[in-house]
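Below, subunit A partners subunit B and then partners subunit C, in two separate complexes.
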Partner chain A sequence: MTTLRTDLTTPPPRLPVRDRAAARQRAWGGVSPMLGRLATERATGVLVRERGSLYLADGEVVHAESPAVPGLDVLLTARGTLDAAGWRDAVGAAGERSRVGRFLVESGRIGAGALEVCHLGALYDAAYFALSPSGAPGHFTYGDRHWLGPVRPVPVAAVEHETLRRRALLHRIWPDPAPDSAPLLLSGSPAAPTVTARQHAVLALVNGVRTAADIALALARPAFHTLVDVRRLAAAGVIAPKAPPPPAVTAPPPPSASSVSSAPPAPPGTLPPSFADPNITLLKRLRDALEAL
Partner chain B sequence: MPGIDECLLEAMRLPGARGAALVDWTSGLALGTVGESPGGDPETMAAEAAELARMAVEHRAFAPEDDDEPAHGFGDGSGDGFGGGATGGPLEQQQDPPVEDLIISNRDSYHVLRFVATSFDSSVFLHLWLARADGNLALARIRLGEMAGRLVLG
Partner chain C sequence: MATTETALKEALTSIEGATGVALVDYTSGMALGTMGGSKTFDLNIAAAGNTDVVRAKMRTMEHLGLKGEIEDILITLSSQYHLIRMMKGRGGNGLFLYLVLDINRSNLAMARHQLKRIESEIEV
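On to the complex of A and B.
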């Protein structure tokens, strides 16, 4: 912000300036202010946010769920690690005591290591979405326990830190978040670069309807891991998010004095319609390549 | 059947072991760490090792020659009964990683990265940091392979 020096005898009042350091601290120092407090007081219960829930026990994260990710049951049954009946039996036998995880291991259905690896993957995956920025505040219900029970509790700080690291990782791969949530299209790029085996599996499911979350569910693969491949493929120009359908034509709203300022800000990464030229993807890739030099 | 910590502690009993970690190579997250890390920074170590591991599994040049085409390779779920519906049919079994391990040596230490094959979709490897003076690379490589198998048994 530029400060103008003038020779006025009465200096104008200082304009309010956002404290950038504090703003950054708010934006990056924590993903949910409530979580830090809950960790300090060693709370037990569930934090429900817009895109998912975090289960705490004694101030540590024991489980996370989000509708955006394949759950532990999907990850474990889709490829036959557990059969669906075995999973149901375990939930029936130990769900009320909140000890399904331990029951699975003790009854020999799965090894402790395999369950820990799969569960940690699912926990951080759901937490990434549960802790995504949201307009609505989360609320915490004390005392609620998840029926899975503790598998390998993780400190709140570690989950928050990893969530922020993952956001930065996706941003470094491709700074436009549009492919994360939109239906995906093959862009038919003739010069497709080397596509890895795991990316092939993703590409095989891109059909203009499925989103990254649908593909993750179909592959029984953590959603964040799918996003990493989706953003890489978007960066390479192999896939693109499908443009949202044009809004239905309605009568223009009556003009008002505040109409300019009341327009909702476009989400980051989207462009006003007048700039939505097909070459924009190319230009963005060029810009990113130049910045990376 | 040990958990992650037991597995890492077992790795630390190898002669010359300085640090061990279980790392996810897609996200760069360490699911568990014990002992030291180079520079005292386990997070950076995990992220950098993950980058190296990812390169090794993704490049065809390092896969065995009799491996299938990429479309049917490691971690791929695009089997035949699968093209139709988003949730149609069971997925193929997760296949073994195309690479077993990576070995880095420098003046004072070895790093052994051992890929862990799981029956569910995952991208994890064990990372062992060995002091070169006391470490036995051949032994470490064999033991780490056994541990990777035991970690995810069942």
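On to the complex of A and C.
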């Protein structure tokens, strides 16, 4: 009896609880565990993640793409660094051989330095989104090469380091990530006197419908750079993210409606339809987290 | 028409007294290329930090309603010159060249002139 009583008063052993910050770091905060392994084995191919793809050659990053960012063609042609016809010709002439970059330089359409600078800008921009925390694990296809061909390969560690630095930079400017993906509204307060010419161009496009990604594309600026401007403007109180519409209360929620309300707002076209089902997304996140242990 | 690497290497070897040079994107604070520096002088950290210098100056100019553009910014330490040269170019992405000079071995006027030439070689 006494033993039973002492047993009852003794608190049950503490359940093992993971440190949430550390778990997030292990699971997906540390950019991508898979990417590190691919770099070690000097892999060649493409890593496809939820919000973008990274192309590797011999374990180094040669290119990155994301539907959230303006592509290299947009960045090059928007300000006349290269004309659109020149880009099309190069893709037609050298795309098959995966040497578009080299062709552009050798045919004198663009200087090697200018191409490198624009390409590096586009690569790190897309990589920031491709490596953003995702609800689904990435998958790697060995052997795939990008048609652009190598311009200036970058070590995986440098891309990971820069991506984390960029996350920290945005967080320092304004810790709320809501303006990154939601439609943006002018908050109605008079523009702060510190708004720069670059930011005025962003403000001119804020209309309650466009997201930061839409504005980046319209201005043909890197999407991350637009996020920096958007977060600075949000911090200054000049713009605010539009609140998501309240869920409909009339009919019992159909599965599609529930997935819309539970998923974070994302620019159209960034989520493949297969990831829209919340149950599958949850299972994939679980698998991702377990794999990362 | 040089690659960024050869242009930066040229800056380091041809500019008298140069100990480090970086090509920096000032919105993100990322160094697109660095050359030189040392264990005690991390050019990547210098690049990120100096974007704040550039931004502060630009903001001040906006406040004052000055329409001109920054050509370069000189910071003089007791033993070093730090020279920031804004790149004009069509890219419009906001790049600058960052050059570290040893004050005792350098000719500032010549260094500014040479940096201008190196900018035109990268010509974004």
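Convention: the second predicted complex is superposed on the first by the 222 of 293 C-alpha atoms of A that agree within 3 Å, B and C clash if a C-alpha of one lies under 4 Å from a C-alpha of the other, contacts with A are read in each partner's own complex, and residues count from 1 in each chain.
What we mean here is this: a residue touches a chain if its C-beta (ideal position, glycine included) is under 8 Å from a C-beta of that chain, and two chains touch if they have at least 3 such contacts.
A quick note: this is a predicted structure, and the numbers were derived from the prediction, not measured.
Undergrad: For the combined arrangement obtained by superposing on subunit A, do subunit B and subunit C clash, or do they fit?
TA: By the criteria stated at the top, subunit C and subunit B clash after superposition.
Undergrad: Under the stated touch criterion, which partner chain does A:101 make contact with: subunit B (first), subunit C (second), both, or neither?
TA: neither
Undergrad: So, does A:116 touch the first partner subunit B, the second partner subunit C, both, or neither?
TA: both
Undergrad: Looking at A:241 after the superposition, I want to know if it touches subunit B, subunit C, both of them or none. Which is it: first, second, both, neither?
TA: neither
Undergrad: In the overlaid three-chain picture, which partner chain does A:169 touch, first (subunit B) or second (subunit C), both, or neither?
TA: Touch status of A:169: both partners.
Undergrad: Using the touch definition from the top, say if A:124 reaches subunit B (first), subunit C (second), both or neither.
TA: A:124: touches subunit B and subunit C.
Undergrad: Which holds for A:210: it touches subunit B only (first), subunit C only (second), both, or neither?
TA: The first partner, subunit B, only.
Undergrad: Could you figure out whether subunit B or subunit C reaches more residues of subunit A?
TA: Of the two chains, more subunit A residues are contacted by B.
Undergrad: Please report the subunit A residues shared by its interface with subunit B and its interface with subunit C.
TA: Looking at subunit A, the two contact sets intersect at 75, 79-81, 111-114, 116-118, 120-121, 124, 152, 162, 165-166, 169, 194-198, 221-222, 224-225, 228.
Undergrad: Along subunit B, where are the residues that touch subunit A in the complex?
TA: Residue list for subunit B touching subunit A: 1-4, 6-7, 22, 24, 26-29, 31, 43, 58, 60, 70-78, 82-83, 86-87, 90-94, 116, 118-124, 150-154.
Undergrad: Which part of subunit A faces subunit C closely enough to touch in the complex?
TA: 75, 79-81, 111-114, 116-118, 120-121, 124, 152, 162, 165-166, 169, 193-198, 221-222, 224-225, 228-229
Undergrad: For the complex, give me every residue of subunit C touching subunit A.
TA: 1-4, 7, 23, 25, 27-30, 32, 48, 58-59, 62-63, 89-95, 121-124
Undergrad: With touch defined as at the start, can you tell me which subunit A residues reach subunit B in the complex?
TA: Residues in contact with subunit B: 75-76, 78-81, 105, 108-114, 116-118, 120-121, 124, 152, 162, 165-166, 169, 194-198, 200-201, 204-205, 210, 214-215, 217-222, 224-225, 228.
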